[in-house]
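After this come two complexes, each holding chain A, first together with chain B and then together with chain C.
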Partner chain A sequence: MGADFVALSIVPLVIGVLAAVACALPGNFLVLRRQALIGDAISHVVLPGIVVGFLVAGVAGTWPMLIGATAAALVAVLMIEGIQRLGRVEPGAAMGVTFTTLFAAGVLLLEQSDTSSVHLDVEHALYGNLESLIWIDATGWGSLVDLQALAGLPPELTRISVAALGVVAFVWFAWRPLAVSTFDEGFARSMGLPVRAIGIALVVVSALAAVAAFDAVGSIIVIAMFICPPAAARLVTNRLVAQVAWSVGFAVLSAVAGYVLAGYGPIWLGFGNSVSAAGMIATVSGLILAVCAIAGPARHATT
Partner chain B sequence: MLFDALTLQLGYNVTLVMLGAAALGMAAGGAGTYLFLRKRALVSDAVSHATLPGVGVAFLVMVLLGGDGRWLPGLLAGSALTAGIGLLCVAALTRRTRLTEDAAIGAVLSVFFGLGIVLLTIVQTLPLGRQAGLESFLLGSTAGMLRSDALLIAAGGVVTLLAVATLHRPFTAVAFDPGFAQATGQNIARIDLTLMMLVMAVTVVGLKVVGLILIVALLIIPPVAARFWTDKAETLALIAAALGGLSGYVGAGLSATAPGLPTGPIIVLVAFALFALSFLAAPGRGVVALALRHRHFQHAVHLRQGLLAIASEQPIYEALTMRILRREGLVRADGVPTDAGRGRAAKALRDETRWQVARGTEHLSGLAARHDGLTEIETVLTADQIAEIDARIATPVEVG
Partner chain C sequence: MTVTLASSDGTALASAPDAGAALTVRGMTVSYGETPVIFSIDMDVLPGSMTAIVGPNGAGKSTLLKAVLGIVKPLSGTVRVFDRPLREALPRVAYVPQRASVDWDFPTRVIDVVMMGLGRELGLLGRVRAHHRARAMDCLERVGMTEFAARQIGQLSGGQQQRVFLARALAQGADLYLLDEPFAGVDAATEAAIIAVLKELRAAGKTVVAVHHDLSTVPDYFSDVFLINRTRIAQGPVEDVFTPEMLDRTYGGRLATAQLGGLTRDAV
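For the complex of A and B:
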């Protein structure tokens, strides 16, 4: 637990935790608003956006990715609304048409273009490369205060930190309108709150969190963290503040336990190789949800 | 090349896969229709993602038993097992806890998929695992498929299609009116379960062709596209099956014509192209038809209001109204009504008065309620009724 740990594990752990929290926070409101599958849709749609961003810009930088993903999310929202309105189709089906099509287009674009020079392939998009985000310049714990070494931190860390901060700020400052419009839309409207704008803002913030997290950890963690920690927290408590706090706790626990189990679990069991950290984090969050579904004090609906 | 593919001249395997994909697409379109009518389209997403751990487990078990691990029937059996468990988890989470179905679907699909990825990374560390090609189950791959696998997929597609065709009656009944279906002695829970088993079968058969991430598209897109063509449930299922079958057939053929055209995404994009076509061009509900109807309606309203304005000698300020009147030759370029215009205006005003009287007359008010301001009065009322109205207009009714 010395220099190796700092160089190999600290950065992925921190990124995993930040990504989990950034997704779990807006996830609380998505789950309560019955929009849980928006996270699923967003994480599929991000792929074509990132591919197009890369093809247009020629490099896999932050801005092309961000702009591409945002544009793709916008296209998706327009498609879903259009199909729903003009086709008079339920939202779930409209969403299904949209995200499968855009994802298929993304995969086809990837296969047809030369992206071998960058980390851009379908597997990476699905389960990320958390394990490879190592801190090469780190020589030991002392590197944490060494400016030169800190400059060599992977850029993914900066992106997810900014995104996580943005999400926390959004939830903090928009807490009251978010909470009121989530629980009682009619009441919120009568108070003069811009209900529609709040809903859109929530989706946009979720999309930003998804894009930043997707880059570092892949789409499985994004979907799992949008839904599992908030859903588990909802089965533990009836109060929104407590639910959000629990969900953050569950997200951190999933990220840390998942990462450690994936990296060291097989070694403890006598196998040489580690397993996918992203997959393990999702699995742990599922186990937490299972425990809460069986024994959570607030698992039944209050009547 | 595409022509060769579509006329089944690219070899025995490609032909088998294309026919299998067509049968699979038809089965998926049919089963998806009932899922769509039950408003549970996205449950299939949880089912399909939940197949992945089963594939991994089946591979590991077969290797532990000394086998090859890549035996497709074994892998598909494993995938069906965990898909079933995933389905049970969705049901348990929605029924036993207060979580809503969308949260349950999302939780099951992400967790099972995550577990599947963990198992895949374990498989990859095995000596045999590197060539296992289990990743092909994610997005489907029919290139270099074994003859026996192609046969299995073709047979599986046909069997699921037959099952959907046999069971369409109870499915329609439950999808449309669950209350009535129950009253006539149908067991709704069992029919829903059967439908889910069929969805599972479609998913499992489709794993190798379309892949588990996109198979849900074959269940969702054809019914949504078919919805633009018809309002009848039975026809809806037929059209959806046809669209699904066409997507599978053309998509699988297209993907065999060149490298870098992954089967699953191509099938999905063909399905979407059919959807886009339906969305735009379907008569009745298509966007073009809707726009034309809207234009026609707008034209009629402006024409009538313009004529009424001419009849009561009011000035017309609305530019569109003026344009329409001019185009119809009812108004001269300087805005003065032509003779034809005055004649039509007088008729419009007379008919408007007739409608007002009809509304005030007890035995005609029911018919008059059909008047949206645009229908010609002669198409609703008989000559006798109009004569009766005209008589009333001429002779004032006693007030009091």
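For the complex of A and C:
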């Protein structure tokens, strides 16, 4: 258990937990603002972003792709805002139009350009490669304090850690304006709060979380974590602070339980192979939501 | 002579010259897309007055209020509050939006909503202290809602929700109160409670402006009236402006003459 666990499991577990929390935190506000689909939109437009990043840089490096993905996410956010305002359509429609169009453009780009050297396929985009993020330099628990071994940690861990920290800092510092403008936009404006800027900042932070998480764990987790833990948490409590706390708890639970079940669940059931951790994490988050929908103490819609 | 305006905890905020207006609007035009909603509105509200904004559905009453607060962007027009540009004067303004404008299923309790009124004081990260909580409870007390402090807001009746919104505005400790349909869809007890609070505010020298749609209560509740139907029809003391002729012009002949006579009998 010891050395194997440190080398094979600890990094994917931590990355899974950080990705889940980084998406679930802003997800609370997105769900309450009826913008939950933003996570879906962002994780789709990451594809054209990666392709363009590759074409511009000419190499299949991580940074061009990350920058391309982030830029695409921001373009998508602006497009959604623009379509909503100019076309006077509801947010859901604007998001749907944006992410399908950009995703389709990404597929065309991919076909037309020589990207065969890039490790980019649908499967990777969906499930990520959580299980492959192993810590080769680790020899046991002692490696956790061994600087040389720590230097060999997968770079995805650093990126998702920075993203998660950024998300936590944003939610912490912007808590009051976020809460007021989410609940009552008109009142927030009447207090002089920059409501539009707050809304855009929330989406941009969500985009950064989504791109960092996508890089490590694929889009299934991103989409699920933006919606399932916050939606489940809403069914457990009637207070915003408590909802956000519960959503973090559910995100961690999904990541840990999903990872363990994916690795060992099939074996316990007598099957030979383990299944995709990303798929299992998303499934667990869905099950948590189902349980809360049936038994959550705050599930009764108030009239 | 000057009137000293004081916030609810008794500290003097500013003194305004008696003659200066609490709210001055000039040439306010707002359009949603291509359609103009209100056109070239001028409005003057005197300090210590209680003004009803009255007009038919779609006359632009709420839009005017939102434009005054900068919630919707006007095409043109200026707003001055206590002789200052709106931006500077916002801390002296409290706003009660239409009850239907928010999602009452939002995960928050009554006391949390009232605390939003203290947002300016608390800042981004200021700790909520006992005296803040006491102020919020005091505001709930004034609208008769103390026992509901810990209730989720969705569990309240329409009238109770409206009182919570009023309590939040009280917590803002403002000098000018702008209310959008505070009596829409509320029970009689709530209406009485709200009007009592508004009259208290007026007695304390505050200025109140409310979008109002129940013509029969205008003379009882308000000192002044602002008649609007996309443009300004008239403004002034109730006894001068709230007349059958003026209402007829405002509503474009859609009110029966007998109805008008009955409504304004007390006033004229």
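FYI, the second predicted complex is superposed on the first by the 274 of 303 C-alpha atoms of A that agree within 3 Å, B and C clash if a C-alpha of one lies under 4 Å from a C-alpha of the other, contacts with A are read in each partner's own complex, and residues count from 1 in each chain.
Everything that follows uses one rule, which is that a residue touches a chain if its C-beta (ideal position, glycine included) is under 8 Å from a C-beta of that chain, and two chains touch if they have at least 3 such contacts.
Just so it is clear, the model here is predicted, and its values are computed rather than measured.
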With the two structures laid over each other on chain A, which partner does A:M191 touch: chain B (first), chain C (second), both, or neither? second
Look at A:R239 in the shared chain and tell me whether it touches chain B only, chain C only, both, or neither; answer first, second, both or neither. second
Check whether chain B or chain C contacts more residues of chain A in the superposed model. B
Figure out whether A:Q112 sits in contact with chain B (first) or chain C (second), or with both, or with neither. first
State whether A:V31 touches chain B only (first), chain C only (second), both chains, or neither. first
Thinking of the overlay built on chain A, is A:F250 touched by chain B (first), by chain C (second), by both, or by neither? neither
On the A-aligned overlay, A:F183 touches which partner chain: chain B = first, chain C = second, or both, or neither? second
Give one of first, second, both or neither to describe whether A:F170 is in contact with chain B, with chain C, with both, or with none. neither
Touch test for A:W135: chain B only (first), chain C only (second), both, or neither? neither
On chain A, positions contacted by chain B and by chain C: 88, 234, 298, 301-302
Residues of chain A defined as touching chain B within the complex: 31, 34-37, 39-40, 44, 83, 86-90, 92-97, 100-101, 103-105, 107-108, 111-112, 122-123, 126-127, 220-221, 223-224, 226-228, 231, 234-235, 262, 266, 271-276, 278-283, 285-286, 289, 293, 296, 298-302
Going by the contact rule set out above, which residues of chain A touch chain C in the complex? 32, 88, 173-177, 179-180, 182-184, 186-187, 189-193, 234, 237-240, 242-243, 298, 301-303
Chain A partner, complex, touching residues on chain C are 33, 66, 69-71, 87, 90, 93, 95, 97, 101-109, 112-113, 116, 119-120, 122-125, 152, 154-155, 168, 178
For the chain B and chain A complex, residues of the former touching the latter: 36, 39-42, 45, 92-93, 96-100, 102-107, 109-118, 120-122, 125, 135, 138-139, 213-214, 216-217, 220-221, 223-224, 227-228, 260-262, 264-266, 268-269, 272, 275, 279, 285, 287, 290
